[in-house]
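Here chain A shows up in two complexes: once beside chain B, once beside chain C.
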Partner chain A sequence: MEAAAIPVRRSSRAKRLVQPLAFMATPTALLIAFFLAPMLVMLGVAFDRGLLDGGVGFNFTLTNFTDVISDPLNRKVALTTFEIATTAMLVQLIVAVPLAYVIAFKAGRWQVPILLFLVLADELNPMVRIYAWRMLLGREGLINEGLMSIGIINHPIDALLFSQFAVTVVLSTSYLTYTVIPIYGAMKAIDGNVFEAARDLGAGWWTTTRRVLLPLIAPGIFISLLLVYIPLFTDFASPALVGGTSGYMLGNVVNDYVLEAGDLNRGAAMSIIMLGLSALFALVAYRLARINRLES
Partner chain B sequence: MAGAAASPAGIRAPRPSGAVDDLPPPVRRSFGHRIRARLPGLAGGMLVAFVMLVLFGPVLMLALFSFNDSSIISLPWEGFTTKWYEEAWANGQARDAVTNSLIVATIVMVLSVVLGTMAAWGLTRLRFRGRGLIAGLNGSVLVVPWLIIGVAGLIFFSQIQVQLSLETIALMHLVVTFPLVVAIVSAGLVRFQRSLEEAAIDLGATQVQMLRYVVLPQIGPSIAAASIFAFAWSFNNFEISFFTGGFEQTFPVWVFSILRQSENLPVVNAVSTVIAAAQIVAVFAGWALMKRLSRSGEDENLTGLLTGGTR
Partner chain C sequence: MTRPGAAALGPLAAVAIVVIAGCGGGGGEGTADVAPPPDDPSAPASGTLSVFAYQDSITDQLLDPFRQANPDLDLKTAGFGSNDEGAAKMAGGFRADVVEACLDEMSAFTDRGLLRPIDPDGIEDWDDLVFRDADGVRDGSDVLVVPLSAGPQGLIYDAGEIPPGEIDSFADLFDPAYADRVAIEGDYALPAIAETALSLGIEDPMNLTPDQLDEVTQKLIDSRDQFRSIWRSDADVVNLFRSGEIALADGGPGLTERIRDTGVDARWVAPEERPLSWVCGFAITADAENTDAAYKLINWLASPQAQAIRADDGYVVTNPKAIPLADPAARKTADPKSIANAIPETEPPDYQEWVRAFREFQAQ
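For the complex of A and B:
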């Protein structure tokens, strides 16, 4: 009904100017207002003297950071956190690599159901899962009762719950979905002929795994690390509910500063430190994943 | 890859004659022969069974003990009862918490699917200045831990003197959830060819017709998956709700505060069982929906979706 040339020109100009604005303005504004701005405000609060000065205006200081870092208790907690998160990560990787292999190459028609159950495991409410473990591991919990009733132990093992062990167990089962799926994705991309070539060249089972399989899935492993390690070391609910005093993690320290003590400045400083560690970790994992993908 | 999906036994089994008998047998031999020989199907099955037991066993026990006629959760089985469910239903706090979670998650799901799909379209199909920057901002939201976002939200709202409420929870959930939708839908958009869209326009389709009849069917499964994940991310979110909720409780915050104060309670078992059952139904219903929406049918989509999002 109109001449063809006009709408075409108008639409191409619209495409360049109006369309990006129409599609991107709201999402970007939201991110700036409620993601970037809170982060910047928290950064400001972390460098502010805050209540030390009666809380009026902004007074630059590094005290919050030096206080948080020099506190020996925090250092001990940081060490525990590192231990728990690293153990949980290793456990999940050790399970995830063979599991991903089984799903990708051996499961046949069970492939999709298994993946679906892994997704389901992630969708189940984490709080429900933590509670379920707490029920099993407790002093009168099912594991202790069960072991006593068949006579393996006489007294309940107290260390099962409210311990570093309990937190490690809960966290080792919390992010298996996100550990398996990137590795599975990397395995699906492998051309099966490389295994045959390795076999024809006389490589054994272990050599094939180490020299062929692992290098090819390395990018997937680094993505898993990126997705899983950061939530692991910043976890707060699991140590709070099953950790007791020996399973105390950095997330609990943040909670203590912010909600228990009402010390927003030190809480912010602690959060910024954890954010910095996350960013550093993410950067390294991402770069390693990229480099490895280029090589393979 | 078709061979990979078949069972190992099927590959080596004698073929019906006439099908592919002109192919020399060594070429059709399975790959990873040695690995397969050392790691027989049994071991794989046991590994899967063990993982499933660890992932779902505890939750099954939790469900079982919601029917035990005893106020402490331990072994002597006292008999079957549904009284904990009645008690849970009568528990005002529990009902409020679950209702709050449902409302927040529904709103967050709808808004993040709309915003996320818009942004995914903009980022994958339009050229404009600052595209890389915005994509980076989107991606960085997914890497920042929820604990940090929750604390930042708490500090931010207290500095601008906004009362913490369900609205602040929903707002913060939305901000962390729609970038996930962007990631999932972008992966869907990247996977199919733009030439289809150009062909539709060349054949006289309007922009809206092209979106409706060409793009939407292609990314339908991605949007379905994104909806499920968005709902779950909001419904399951503990850290952000905990820090930015003030006196309002969502379901995870309610469970947390109960467990902080007291021993394990059968009422929590009952509510948790209902929630878990609903989540199981939701995941399988969502999967069925995705299968219906995808044209090629079948399961390529689930695997493609899951792995696509991680790249």
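For the complex of A and C:
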């Protein structure tokens, strides 16, 4: 009986090994074909002096990277981008955490409709959304007209549009859905009794938020950062349409390298650098989130 | 009318698209032999023809008569925002039979060997076309592009905001009296740099010395607060005027008409320094598979009938025979003589420096 049991165990063990591999084969193949392969080609272009640009063969060079990094103009734009993207991310978190809290714990039967509304709002074409903001923030826009009609201002506030402020506002609202939903997901996993326990132990709302809520939703914030903060660095439509002469960001630099200067190699190098920095940021964010709660 | 602005592609997506397209090879390895004209020019075209051009040049209004005359031809169109963008995509493997190329940006295509010479004998109206001998049409003795549209670049102002007669120079773009009510074209670097050079009294704006380019760059940077926005497409500048954000911009008469259509009392002025002028046309690509259909399309676009449609859209035509067929209101603007005294936009020898200078202005 024991001798007969061994092949059965072996067969079941082999099955356990093969089944997940077979199950994963298709998505893995798709991932390689549609994600990794283009990435590898882009890497090749970034390290080549002219692979797709009239050059013959592959000529390894680091020049594209050194050129991009050593250009003081790019460093300046990187700083502007960092300022705008970080401000936009902070604004989104400031809005998203209370909003997610309300949806998760206070909205009751309105929970799903509010979530649906957030998702639908995100489906709006980005260009339409940006132009809607132009109508709101413009010199003759609703905000300026409204403030003037109630006598708060006598002249339109020009800085509302075509400024870094406008870029920050537009970026902050463009990705709000992707900031709220992961945080909402993290909040739904929290047992509401912990807030009651905190109150019973004498914690005020700020202490409860800082010592209970934020640590528990750290994984959600981490996912939000991954989904939102990194794309903020590459956005180029918003700065182009509402930034005027002061919203030039790294996304615009890549755009200009590729589509204006026709320099695919430096454009790819710039993208790889941004990707590398994003990975570094993701690692740091992960570490910070893990310190708190992610593993649990 | 000006050339449309950049497509709303994410820059990383733009890199990815170009790179992914590159997996398929293509582009770059052009053949130097002249594309043969069709044996029977009157026979309808068949097969598939891919056209890659500015969106304004591939409108249904312009192409539908060609489609009707060639019912067995599958005509596919794709738009780009600038010649550099189009050339970068083609170099990455995007395949087209016919591409629109502007004379001041020809090197984007020729440096990569993306074009195939055209036999002018295959173009029925060739001898009638003005600009057929302009710089950029030929590479040596080879004809690379058939000029099909043109336009002047001057100044547009809102007469409801600025009294007529006040605007007469590119220097007005930098006049503090209009501060924060001005927009300047930014879909490619050339117009802004050339116009700034002219405003500084530089007489040959297409051949700036490094010192002159530095002077222009500094002028733009110093005047940053002068500009409310940098416009990147016709729709963009129309919207800026309509929403009251600006009262003055650079542009052409066709664009002025579009602004007027929205109710703004827009007026076009040829600046005293002379307007700039651009010329664009269609070329056959090195990878073209359906050269018969390519010739037929170019012949249609060069015909008086198609040129009259372009005239009604506000363009300067290249075939003067189209002028009597055009709307009487459009004839003056459409006449090639209207840009006879303009400064032709030609590709500066150090255009990459111009691009960088414009980036420097935007990054401040």
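Points to keep in mind about this one:
In this section, the second predicted complex is superposed on the first by the 228 of 296 C-alpha atoms of A that agree within 3 Å, B and C clash if a C-alpha of one lies under 4 Å from a C-alpha of the other, contacts with A are read in each partner's own complex, and residues count from 1 in each chain.
By definition in this document, a residue touches a chain if its C-beta (ideal position, glycine included) is under 8 Å from a C-beta of that chain, and two chains touch if they have at least 3 such contacts.
None of the values given here were measured: they were computed from a predicted structure.
Once the two complexes are overlaid through chain A, chain B and chain C clash, as defined at the top of the document. In the superposed model, A:251 lies in contact with both chain B and chain C. Of the two partner chains placed by superposition, chain B and chain C are both touched by A:236. For chain A, the partner with contacts to more residues, out of chain B and chain C, is B. In the superposition on chain A, A:45 contacts both chain B and chain C. Of the two partner chains, both chain B and chain C are touched by A:37.
By the document's definition of touching, of the two partners only chain C reaches A:73; chain B does not. In the superposition on chain A, A:267 makes contact with both chain B and chain C.
Touch criterion not met for A:84: it reaches neither chain B nor chain C. In the superposition on chain A, contact of A:117 is made with chain B only, not with chain C. Once chain A of one complex is fitted onto chain A of the other, the partner contacts of A:158 are limited to chain C, with no touch recorded for chain B.
Within the three-chain superposition, the chain C stretch that clashes with chain B turns out to be 5-13, the only such case among 5-13, 131-139 or 185-193. The contact surfaces that chain B and chain C form on chain A in the two complexes overlap at residues 37-38, 41-42, 45, 126-127, 131, 134-135, 138, 140-141, 234-237, 240-241, 251, 254, 258-259, 264, 267-268, 271, 274.
Residue ranges on chain C touching chain A, taken from their complex, read 6, 8-12, 14-16, 18-20, 22-23, 27-28, 81-82, 84-85, 87-88, 91-93, 108, 111-113, 180, 188-189, 224-225, 227-230, 232, 236, 239, 243-245, 352, 355-356, 359-364. Per the touch definition, chain A reaches chain B in the complex via residues 11, 15-16, 19-20, 23-24, 26-28, 30-31, 34-39, 41-42, 45, 95, 98-99, 101-112, 114-129, 131-136, 138, 140-142, 145-146, 149, 173, 176, 181-182, 184-185, 188, 192-196, 199, 203-205, 208-209, 213, 220, 223, 226-227, 230-231, 234-237, 240-241, 251, 254, 258-259, 264, 267-268, 271, 274-275, 278-279, 282. The part of chain A that touches chain C in the complex is made up of residues 37-38, 41-42, 45, 51-54, 73, 76-77, 80, 126-127, 131, 134-135, 138-141, 158, 161-162, 234-237, 240-241, 244-246, 248, 251-256, 258-262, 264, 267-268, 271, 274. Across the interface of their complex, chain A is touched by residues 1, 3-8, 29, 31-39, 41, 44, 47-48, 51-52, 54-56, 58-59, 61-62, 65, 72-75, 115-116, 118-119, 121-123, 126-128, 134, 137-138, 141, 143-149, 151-156, 158-159, 171-172, 174-176, 178-179, 182, 207, 228, 232, 235-236, 238-239, 243, 251-252, 255-256, 259-260, 264, 268-269, 272, 275-276, 279-280, 282-284, 287, 299, 302-303, 306-308, 310-311 of chain B.
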